[in-house]
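Next, two complexes with chain A in common: one pairs it with chain B, the other with chain C.
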Partner chain A sequence: MSQHPPRDKRDPLARRKERHTPPGLRSSALHALSARAAAGRFVLQSCQDCGAMTYPPRDACPQCWGELVWQDQARGALVLCETTIRATTDLYFRDHLPWRMGKLALDAGPTALAHLHADLKPGDRAEMHLMLDKGGNAALFALPAGGRPDMDDRQWREFTVPVKDRIVLVSDARSAVGRAVVKALHSAGAGLIFAGMAPPARAADLTDEWAGLDRVQTLPFDITDSSLVAEGISKIAGPLDIVINTARFVRGGRNLVDQKRMMDIAVLGFMRLSGACAPMLAGRPAGAFVDLVSIQALAGEVGFAGYAAAEAAHLSLLQSFRHDMRAQGVRVLSIFSGPSDDEDYQSVPPPKVAPARLAREVVEALRMGREISCVGEVASDAMERWLADPALFVREKNL
Partner chain B sequence: MTALDPTLSGLIAGIATQRIRTVDLTNILSPDFPVIVLPAEFGQCEPFRMETVSRYDGNGPAWYWNNISMNEHTGTHFDAPAHWITGRDVPNGTVDAISPDDFIHPAVVIDISNEAAADEDFIVTRAFLEAWEAAHGTIPPRHWILLRSDWSKRVGTLAYLNLKDDGAHSPGPDAGAMRFLVQERDCVGLGVETVGTDAGQASHFAEPLPAHSILHGHGRFGLQCLTNLDQLPTFGAVIVAMPLKIKGGSGSPLRVMALVSGH
Partner chain C sequence: MTRTRTSYDGVVLCAPVTVPYERYSSQTAHWWAGRALRALARATGFGPGDIDGFCFASFSAAPDTAVGMVQHLGLSPRWLDHLPTGGASGIMALRRAARAVQCGDADIVACVAADTNHLDSFRQTLAGFSRFSQDAVYPYGFGGPNATFALITDAYMRTYGIGREHFGKLCVAQRRNALSNPLALMRTELTLEDYLRARPISDPVHLFDCVMPCAGAEAFIVTTPEIAAARGLKVARILATIERHNAFPDDPVQLRSGWAMDVDDLWSMAGIGPEQVDMLQAYDDYPVIVAMQLEDLGFCPKGQAADFIARTGFEIHGDLPLNTNGGQLSAGQAGAAGGFQNVTEGLRQVLHQPLGAQVPNARTAALSGFGLVNYDRGVCTAAAVIEACR
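Presenting the complex of A and B:
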């Protein structure tokens, strides 16, 4: 039986620390920046008329009033100067003082204020990242260029979801993807992983499956059963930092019984799981909910019409859940993928995503605090085509 | 005021004075009660699920109720003849059409608990039944045959379904035993503590799934997931088993009760 990882000592009578999120009001142009930052892109606006690059985001070119378009940019920058903020009226930053910021000359052109990694000093080369803060808004963060920056940097950790020593629930650890996710989290140093095992179980299941892996504990868990979700969450008892929803039921065809189960898992199951764990995640300093979504959710797909419909509803709920959790500083991350190379997509020819690849992306999305990730060429290509021309993409997927 | 028929008043008085004891043979219908697992190529049985509509709250300040869903063969349940292809043409073979006369029948309890404890794939054969009759007496006609395996004591553990890499393992009858009970002893049906009237490995029998096939083909019934059979006498219990009146239903979860002599 695995043990809970040791917790920080704290005064048992102390009042609960309230958590705040960074200021949230943003212009429409800044929301457009955040939407791109959510997918890990580093973009700036350039003027279609005069070609000038601009930062921070604006509604029109400050040089010529021309129309601005978003363009991916080189991430390089030079630190010009730095400052340390020691006083603020903002509740979130007040909890995190002192806070270092710097002014950087971006290789892309503009000069910008950014949050600074502790190892950066004026004159250093930096690598720029558009990160989402705890409130879900884009912020520029400068990491040291080249080499391997210290990812435990105090400020950087505010924009990411640390996995090391954290307590994680994987909603369905029985599938190939679920098993791979448990293993990847274990390799990433998660403190304790609850591996959800839906009934029915073989007599050997609860003992054999994770033999040999410490810090993994199986948990009877089934997101189609409200009572088992409540019971499972109650068995976790202690803090819960990260929830990864790997549960899915994939079937082609038009069988109504299958369809009902697909909806029960993708839609109602998501609601049961997210509803039950939201309060626990909200109490944590870096709570996160990661969900695996089929890229078929974007536009439907002939052959998997029912599953795509269930996933479309799932995606819709996930997006609203992200909004609900922002106010509490909980990150909601979506991992899109195409067919996975497992029993669910036996009838689909390659390219398919290996479960281990999908699992690595889960850890990577947490490490980078990335809200939207696409794993594998099928998902990346579909997302690109959907963003470019949704009407055409829908037509192509349903020819 | 009209007096009760003496037989009925005797029954009521018997229950009131505990000369007649009631025994609940039903497992609790709960989301975690296991359902039968079929090979993956077939559609599966849905377990019991419950969502609260209101519990003295904003959705119903003074009342508590739930929406429930399940398969017709979830929890302690009744199998009607139409459940099996062999019984598809049996008249009145669905639960809504079964005569109420069939809701109450006496039972014979055959104890196979020692055999099942020693061998979880224990098969009840005609020879076994004949030996049993030699020891206990002939099985009377129009009785439920209840197989007491003590399998109900495994409820709540993985040993109840007892799934292994090659499927489920639990006791049950073979075709010879079923023909004997149906054709020579004219049984009402077969009641078991396991999740199906057939043995866990019965799909691999030379004559597969004989309990379902032979019982229902002859218009007989099945009762599964029973409990407390160890509280019944070998002869003398009366079973009350009334399936829900589901239109065209193949079976139904139900409450099963036994009336036994209190002495």
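Presenting the complex of A and C:
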């Protein structure tokens, strides 16, 4: 076990700070926008008949009453005017006053209200991002165009999950992907990483490249074992900001013993882990739960039928967990990938995703607060086809 | 192609009443509406059986509308209207009721706006206000109307070079007008220094740019000259009205509003010009909107409000008496009743039945309403010119 810096301890008698979320009521059309923002897209509605762009989301074109469809748009915009809000009746924003927002003329056509990066002022060019707020709903955020804006911006941080100096648990750090995730978090400046290692300890653990790193602490942890999960969480003891679930068990074929283990990790293991860490994440100012999910969860897959089934159940639970955690302001991020380039997918030909690439995407998803990410060609292609025509996609994956 | 509009002959306005405002009230909108009808009855002698037209505006009567209100208050009107247009509702009530009376669909229309203000009403009214607000305004800091008008004020100041001291002059004059109004909620002297030094609420909007939400009710009667004469009521007639919604939707920021589309129609129908009215009762939810009305209603050219404000006196004895009861900024904003007080106050002044000081020799009044921030701007505008019948 490596040394790590002493952690601040919370005053045990202090009243815990309650976390609020921004106002959450939205129209169905805005939820449709959020669903696209969740995947990092910048979209607006355009009219199928006259091509007019519109915002805020509507149910009919205001120019010709034609049908509206979502379309990716240019991100450029011009700041028209601004205000700094210093009084509000909303509990979330009261905790974050003063709050700057403004109105922008989008290059795409409409004008829109947006959160303003501290460096932006009227007359400036901006780059628009559709972010998810703490309540999980889409919100426009204007960053300075070009250059390298300060990503420590106080308001921007509310829409992202900062990694620097924060405390992270990686549920399985022994797999190739798990090791890569620990390394990527370390490079991103995580304050302390608990690297979960299922007992018994192995000789190879001692020679791991990050075994000697500061800010990394190994932790006996196994999400198939309720008592080890409880013990592990109690050993972390202090604040826990981010949990990354890297645990998985991948087998092809229809062996029932394998199947039981796959279900135990992907389904019951997820439930043990998410249940145990939810209360800890809920108390944190920017808590997040990141889960690595196989893209096979979308539609099943011949050859990996049992694993795909376990992952489908895993994804289903993850989506409900996201809903549960929204009220607490905790982000739940899904990282979809196809076969990884490691021992789990030895039988599968390329293209495969390098574990380091997957790990980079975990850090990137946190950095952008992105709910849905697809890593690699296999996952991106599958997601695109599934969104376009799910019935056809299911048929093709199971021909 | 433009048809000549029918005049409002055969219609009069009378019996302006204000139910004294309260900062907070544990009563309901129904109670306030009842108080308004009782005040109308005292002023006119009309009972529930006499009133055959009812026009109602409120934000806090839920789950009831005008329908629930007629049964609640024992009315059996043959003409009914519910106006969800807030700050524009007073003038819209006036012009709708006028046509109903003129055409014989109703004889005596009670126009009533009533709103209560519970401790948490303001927050709750905001929370469910409109779909665009929910989707595209509240998530951005939840500054309420203060933030929306801060953006408009910011853009207006940048575009036309108007300063806070100009807005301040309007607020200070209105406060001075409020000093003689026993019903105004804010009746301590306000100086320009006080105004300029006030704490920022949503820059560049500061404390004294904001109205104070309160509970209250306003009402008036629209009827025929004959019926009013039989009751011995002082009356005024309507020279002209306009109304417009969602004007200039492509303007990126609201620097002008619906009045600008219809201003020529207003003054040509009235047969007089803005320089001939004895007062302006403007909608004053944020002074930037007052400045906009001065321009868009033709009191000064567009972009020259700063100049006009600097050289005009807005007190009751000034060149252009403005919001002579103190306006919403000093009297209080009782929800939808805030959109009625421009009508009741204008009517009181031309009938020489003031709450406080009387505008000398007042005979005509321009009334203006502005309502409903659905998203990034006020959507509804309306204006009227009235004249006392002597």
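The rule we apply is simple: the second predicted complex is superposed on the first by the 378 of 399 C-alpha atoms of A that agree within 3 Å, B and C clash if a C-alpha of one lies under 4 Å from a C-alpha of the other, contacts with A are read in each partner's own complex, and residues count from 1 in each chain.
Convention: a contact is a pair of C-beta atoms (placed from the backbone, for glycine too) under 8 Å apart; a residue touches a chain by one contact, two chains touch by 3 or more.
None of the values given here were measured: they were computed from a predicted structure.
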For this session: Evaluate whether chain B and chain C can sit on chain A together after superposition, giving fit or clash.
Result: fit
Problem set entry | Per-residue contact with chain A, leading partner among chain C and chain B | C
For this session: Would you sort A:Y55 into first (chain B), second (chain C), both or neither based on which partner it touches?
Result: second
Exercise. First (chain B), second (chain C), both or neither: which does A:R202 touch?
Worked result: first
Problem set entry | Partner chain in contact with A:F93 - chain B first, chain C second, else both or neither | second
For this session: Examine A:M325 and indicate which partner it touches, taking first as chain B and second as chain C; both and neither are also allowed.
Result: neither
Problem set entry | Three-chain overlay, vertex chain A: chain B-chain C angle, C-alpha, nearest 10 degrees | 140
Exercise. When the two structures are overlaid on chain A, which partner does A:V257 contact: first (chain B), second (chain C), both, or neither?
Worked result: first
Exercise. A:D133 contacts which: chain B (first), chain C (second), both, neither?
Worked result: second
Problem set entry | Nearest-approach distance, in Å, of chain C Cα atoms to those of chain B in the combined model | 38
Seminar exercise, completed: chain A contacts chain B in the complex at 199-206, 220, 224-228, 255, 257
Seminar exercise, completed: Per the touch rule, the chain B residues reaching chain A in their complex are 30-32, 34-35, 37, 43, 46-47, 49-51, 158-159, 161-165
Exercise. Okay, in this complex, where on chain C does chain A touch?
Worked result: 122-123, 126-128, 131-132, 134-144, 146-147, 150-152, 154-155, 158, 199-205, 249, 252-253, 375-376
Seminar exercise, completed: In the complex, the residues of chain A that touch chain C are 22-23, 25-27, 29-30, 55-57, 62, 80-90, 92-93, 99-103, 105, 111-115, 122, 133, 137, 139
